[in-house]
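Read from first to last, the chains carry the letters A, B, C, D, E and F; within each, the first residue is number 1.
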Amino acid sequence: MSTSLVPTNSLITATPDEGRQLAIKMARLVIKATQPDEAIRQKLREIYENDAALLIQISQVVASEFATIAAANNYWSTPE
Amino acid sequence: MSTSLVPTNSLITATPDEGRQLAIKMARLVIKATQPDEAIRQKLREIYENDAALLIQISQVVASEFATIAAANNYWSTPE
Amino acid sequence: MSTSLVPTNSLITATPDEGRQLAIKMARLVIKATQPDEAIRQKLREIYENDAALLIQISQVVASEFATIAAANNYWSTPE
Amino acid sequence: MSTSLVPTNSLITATPDEGRQLAIKMARLVIKATQPDEAIRQKLREIYENDAALLIQISQVVASEFATIAAANNYWSTPE
Amino acid sequence: MSTSLVPTNSLITATPDEGRQLAIKMARLVIKATQPDEAIRQKLREIYENDAALLIQISQVVASEFATIAAANNYWSTPE
Amino acid sequence: MSTSLVPTNSLITATPDEGRQLAIKMARLVIKATQPDEAIRQKLREIYENDAALLIQISQVVASEFATIAAANNYWSTPE
């Protein structure tokens, strides 16, 4: 498993928007580690990009990854 | 990935109701980032809007996003 | 999106039982915001009310919403 | 919605085992609130009791409810 | 519901590995409480043991149970 | 259940990337404990590696396991 699973090896991002981008990347890197063949992943991408249920499931995964990233960043703070 | 994934780049909202709206928007923006073609998304929308299972799955995603947003806003406080 | 998504615009309830009711209402209001047509929602209701898998999925969504509401209410406290 | 959704209107239980029982009951009461017809629920019970996927999904719901109950009881404490 | 749902009626374990074992047992005991017939459960076991989707769903349930157990054990500590 | 379920019997890792690797391993070890036959697991692997829905579900499980590991490591700290 030589793929880096966390791009900068850190959960810290400057902003919530970058936190979302990291969540999306981290989810993709797990799929890449599980299915390393780029050609197969491309074929699967064409499937899920056109499937409502799969797109919703992807958004569920991103929500879960983001929850962890947001906690790591103390929710990019403010309220007490 | 040039789409903004968090509208105001902040998880802070004035009220729980606005927090729910943000949760819905954030979930949609992930789907938009994954499937940028508006015409395809419109077609998929017609599918999930009429499918009980998919509507329930969407409400699950929103619940997850909202959990993070609510924590970021310290649950719009009060109890100790 | 003019539907109120949180009835009293607050996550605070007097009791756990009212917290459960709020969780159910919040889940329903997301579905209403996604599918505003009452006639279609009524048709879908007849489907999920008679489908074991969908009823279980609904209870999953309510569990997630309730987790947030319970945290907001400090679990209606007591233990230390 | 006159069904009580939380038996004793409290998340506090004496032990983890009672916490599990409460989690199971709370999940069932949401299904009862959504499908109040006892005869239909009985028919659905025969379905999910014999379906591996549905039994696993039920255990997922119970895990989620229990997470909240356990937090409310401060995990029936000890470690620091 | 006379089945014990938490073997030692405690979420505390000596190590993370024992915490995983407890998570697996707790998930199984919910299924046992829902479907008490050993013969039926055995038949269902043969189904899910050979089904990729069901095995993945089981690992999801275990992840959820473990999250609660890990919190109860303060993650078997160390970092600050 | 003689399989070790947590490789080093600890949730602590040096970095987020190693935390992701641990999350992937822990998810796999639950599947191994449930289906110990290597030949069957290999057959199932060929199924899920080529199935978009299953790959997404796997990434969901990893997200859940990682949430616990990240909390155990205090998110590999920094922000306050």
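In this text, contacts are C-beta pairs under 8 Å (C-beta built on N, C-alpha and C of every residue); 3 or more make two chains touch, one makes a residue touch a chain.
Small disclaimer: the values here were computed from a predicted structure and weren't measured.
Asker: So if I superpose chain C on chain D by CA, what angle comes out, to the nearest 5°?
Answerer: 60
Asker: Could you tell me the distance, in whole angstrom, between the mean C-alpha positions of chain A and chain E?
Answerer: The mean C-alpha positions of chain A and chain E differ by 27 Å.
Asker: Can you compute the centre-to-centre distance for chain D and chain E, using the mean CA position of each chain? Integer Å is fine.
Answerer: Here the centre of chain E sits 15 Å away from the centre of chain D.
Asker: Can you compute the centre-to-centre distance for chain C and chain F, using the mean CA position of each chain? Integer Å is fine.
Answerer: Those two chain centres are 31 Å apart.
Asker: Would you pick out the residues of chain B that each touch at least 2 other chains?
Answerer: 48, 51, 53, 57-58, 60, 64, 67, 71
Asker: Does the chain-touch network form a line, ring, star, complete graph or other?
Answerer: Shape = ring; chains linked end to end, path closes on itself.
Asker: Under a traversal of the ring that begins at chain D and continues to chain E, how are the chains ordered?
Answerer: D, E, F, A, B, C
Asker: Which part of chain C faces chain D closely enough to touch in the complex?
Answerer: That would be residues 15-17, 19-21, 24, 48-53, 55-60, 62-64, 66-67, 70-71, 75-76, 78-80 of chain C.
Asker: Residue numbers of chain A touching chain F in their complex, please.
Answerer: Within the complex, chain A touches chain F at residues 1, 4-6, 9-12, 26-27, 29-31, 33-35, 40, 44-45, 47-48, 51, 53-54, 57-58, 60-61, 64-65, 67-68, 71-74, 77.
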